[in-house]
Amino acid sequence: MPAKLGELATQFGCELLGDPQVEVFKVSTLSAAGRGSVSFLANAAYKSQLQATAASVVVLTASDADACPTAVLIADDPYLTYARIASVLFPSPAVISGVHASAVIATSAQIAASAQIAAAVVIGADSVIGEDVFVGPGSVIGDRCTLGTASRLVANVTLVQDVSIGRRTIVHPGAVLGADGFGNARTDSGWFKVPQVGGLRIGDDVEIGANTTIDRGAIDDTVIENGVRLDNLIQIAHNVRIGEHTAIAATVGISGSVVIGKRCMLSGRAGVFGHVTICDDVILGAAAIATRDITEPGFYAAHFPAEKSSDWKQKVARFRRIGKLVERVKQLEKVNKNNDG
Amino acid sequence: MPAKLGELATQFGCELLGDPQVEVFKVSTLSAAGRGSVSFLANAAYKSQLQATAASVVVLTASDADACPTAVLIADDPYLTYARIASVLFPSPAVISGVHASAVIATSAQIAASAQIAAAVVIGADSVIGEDVFVGPGSVIGDRCTLGTASRLVANVTLVQDVSIGRRTIVHPGAVLGADGFGNARTDSGWFKVPQVGGLRIGDDVEIGANTTIDRGAIDDTVIENGVRLDNLIQIAHNVRIGEHTAIAATVGISGSVVIGKRCMLSGRAGVFGHVTICDDVILGAAAIATRDITEPGFYAAHFPAEKSSDWKQKVARFRRIGKLVERVKQLEKVNKNNDG
Amino acid sequence: MPAKLGELATQFGCELLGDPQVEVFKVSTLSAAGRGSVSFLANAAYKSQLQATAASVVVLTASDADACPTAVLIADDPYLTYARIASVLFPSPAVISGVHASAVIATSAQIAASAQIAAAVVIGADSVIGEDVFVGPGSVIGDRCTLGTASRLVANVTLVQDVSIGRRTIVHPGAVLGADGFGNARTDSGWFKVPQVGGLRIGDDVEIGANTTIDRGAIDDTVIENGVRLDNLIQIAHNVRIGEHTAIAATVGISGSVVIGKRCMLSGRAGVFGHVTICDDVILGAAAIATRDITEPGFYAAHFPAEKSSDWKQKVARFRRIGKLVERVKQLEKVNKNNDG
């Protein structure tokens, strides 16, 4: 919904240089902005675009204000303030209470009066759907699941069983929450399936990306704490615990019984070995695999950037002969020593 | 549907050595072929199987024709010609116009008369389904989506919102198109969700694999150009642009705001860092991660082949001591220099 | 369902030290156990928790029995015996025969009288659903699929077409089985889709994880043999064959036409290049990519553990100069030789 610059300045505590009556109703990049656009400058790389922008207002820091030809909203953290303004212009979709005629709901399930259950939804026994919850089309909720107030399953989400989800948590399509973990005991004639009887507990204000999978626990529960952000196509195995406000990028894989602290950030394709514990405030770089406990906050890495294949192959060939190189150096040292002696 | 060798030779401009009246109705490998089989030889590794084949016809190059005991169709590119013949024998499934009684369609959605909407489909407001489109069972199409002529959602596909798909594009099951990108602004008390308001535009003749995810843009659109081929379980983040006829293998991850050129090929498990631009005609090898712009066509790589664990561990241990090795060489050079002096 | 210790001892051939009349009805970790709990000790790391456990019974080896304050069941393999006991306490969910009113089933499909077809299921032409099969809510089964006795699609599973599944096989939500493989022939104007006409055959007692994808064959079938265990988010391309009792961890990718032997184990994020053959009893370590045939059983690896980013970057920089280091050693050797001569 549209807003006036003066209202936004007041609401978010920004200094406004410009006409408080001007109305904005969309968000744009600096280069694509036009009348009614809110834009922002948070990265020096885009400063060159400031001069030519046609935005109605640009959110930026005080130091950039002079360079801007349009109205400005001055903020300490322009990206965050932009995000807050965008959430005013584009509020979450309204929940329209009611159960679609095509939904199939177990008689023992409880659906709050203000919840919206969309078409082609199936809800199992003893599940509890809270106030202002949105269960999007095609979603399947198994037995004994609970959805906290104002949580949102966008569409085609599967909650297998024994999954509890907190307030305002968002789950994107294709996510599978609470499936059996990968538990197999070896026998002489193959694998015996270890019954997976734990649950999955997800906190408040969590966001879970498309096609991400989080297994329920083998015995105890898998736990995702408040404020955690998970991108798409992430695997989280049984009995993992992820600490508050940790953010995990797409295609990361977390093995069973891993504990990750608060405010960690895992980059794309990172991974963690089973039973490893990672303390608070750790950053794991792209494709880095944590193979043992990390007890000190900081940035951990382990990958080689892509380079021309011919150059890379040469390095790999030399790496394969690194043992011989060590031998050659040892030999040289021996000769030198003999020469000394 | 069956075809006669003479018809196929004419249709695809091949020389036929054999009876034009012979009918073929299936495709087979050289070793499993029998009466009615079309087979092909495109890889020298299989040439030894030629002598014993029982195919009705083999598609191959002129140089291999003499070695073949059966009828042959001579083609410059046997694999491509085989593919074209197979598409005659096995045409795309027919679209049977109509809307299944169990589909739930918003009153403002427009469905072309020739389109087929299968069972358990849900279609949102203001979405437009073109002529000869197939929307497979269980698919969910959100608001403001468009499907171009003869496009095909196989089954259980999710188009979240604001997704446009071109003509003849195929989307395989479990793909999630147009979900919110991973946009989070840091605050003192955790992450603030940055509204994702862009769309997703997909061109003509694109193919998107099973369980692949493509997020819509944060502000501008995410774009997949004509003729792009995406395999299964690929992640494409918000505001990515993928150029025409680029092919991406399974489990690749592309970070936000990446631009990939035309005719690129990304091998399995490759990845690209956020905001990186890759020019046309680049090949990225298996598991190679592009961490900076690539401005020159060619083959880029960065992975170590698996080897016996004991050998590998020894190399890793030496790699970990590479700094010491450098020191030792430096020391040797110093001694030598002193000896010289 | 509850069981008495005496019954369990008899059923699984364990020695019981304790009261055979005591009833157990849940499973717990040693530290969380209470009255009615079965717990187990299979990992020396947890032995310290034995003394304080309040379990009704602990499954352990004879050598640990003395250290346990509670009743014990003595087993050679406590984890396997625990798993068998857990499967008595928590049997697979019962199948309640019948077809839900909301399911849409082709007239040519055959559904066994004892099968359960849940809500919002769609079943295509000529598919055959065996006795005691469970087809969970939201699942889509295409044409010409067969489900063997007591197999189980948990929910939202997609069988695209021409998929046969054996007895007692379990498929978790979001799995896509039998989609088209990634077959593209190059033309001057882009990619031509190679028709995928093979099927997918899955054996008995297989388990397939959430959001895993297995493509059907291009010409011949893709094959998953009996007893194979696949975790979540795995990609298996067309014409792969996976041998009996092989177990594959989450996020692994297997390229087309790969053959993997029996009893192999692939760790998380491992991968295999196209057309590679791996013999029986191979273990592939985390993130290890097999680039050529493996003909000898054993453990194969290729990854670097994550370490402090500053340390890692230094090593990478030295690795990038490894060619220069080799040159320097060569130079030193030359000098030494000259000195010798």
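We just call them A, B and C in the order they show up, numbering each chain from 1.
By definition in this document, contacts are C-beta pairs under 8 Å (C-beta built on N, C-alpha and C of every residue); 3 or more make two chains touch, one makes a residue touch a chain.
For clarity, every value in this text was computed on a predicted model and none was experimentally measured.
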Via touching chains, chain B connects to chain C in a minimum step count of 1
For the copies chain A and chain B, the interface residues, called same if over half of the numbers are used by both and different if under half, are different
Per the C-alpha means, the centres of chain A and chain B lie apart by a whole-Å value of 25
Note: chain B residues in touch with at least two other chains are 102, 120, 138, 156, 174, 211, 233, 251, 269, 287, 303-304, 319, 322, 325, 329, 332, 336, 339
The residues of chain A that touch chain C in their complex are 102, 104, 120, 122, 138, 140, 142, 156, 158, 160, 174, 176, 179-180, 182-187, 190-195, 197, 211, 213, 215, 219-220, 233, 235, 237, 251, 253, 255, 269-271, 273, 284-285, 288-292, 298-304, 314-315, 318-319, 322, 325, 328-329, 332, 335-336, 339
Chain B partner, complex, touching residues on chain A are 26-29, 32, 77, 79-80, 82-84, 86-87, 89-90, 100, 102, 118-120, 136-138, 154-156, 170, 172-174, 205, 207, 209-211, 226-227, 229, 231-233, 244-245, 247, 249-251, 268-269, 286-287, 303-310, 312-313, 316, 319-320, 322-323, 325-326, 329, 332-333, 336, 339
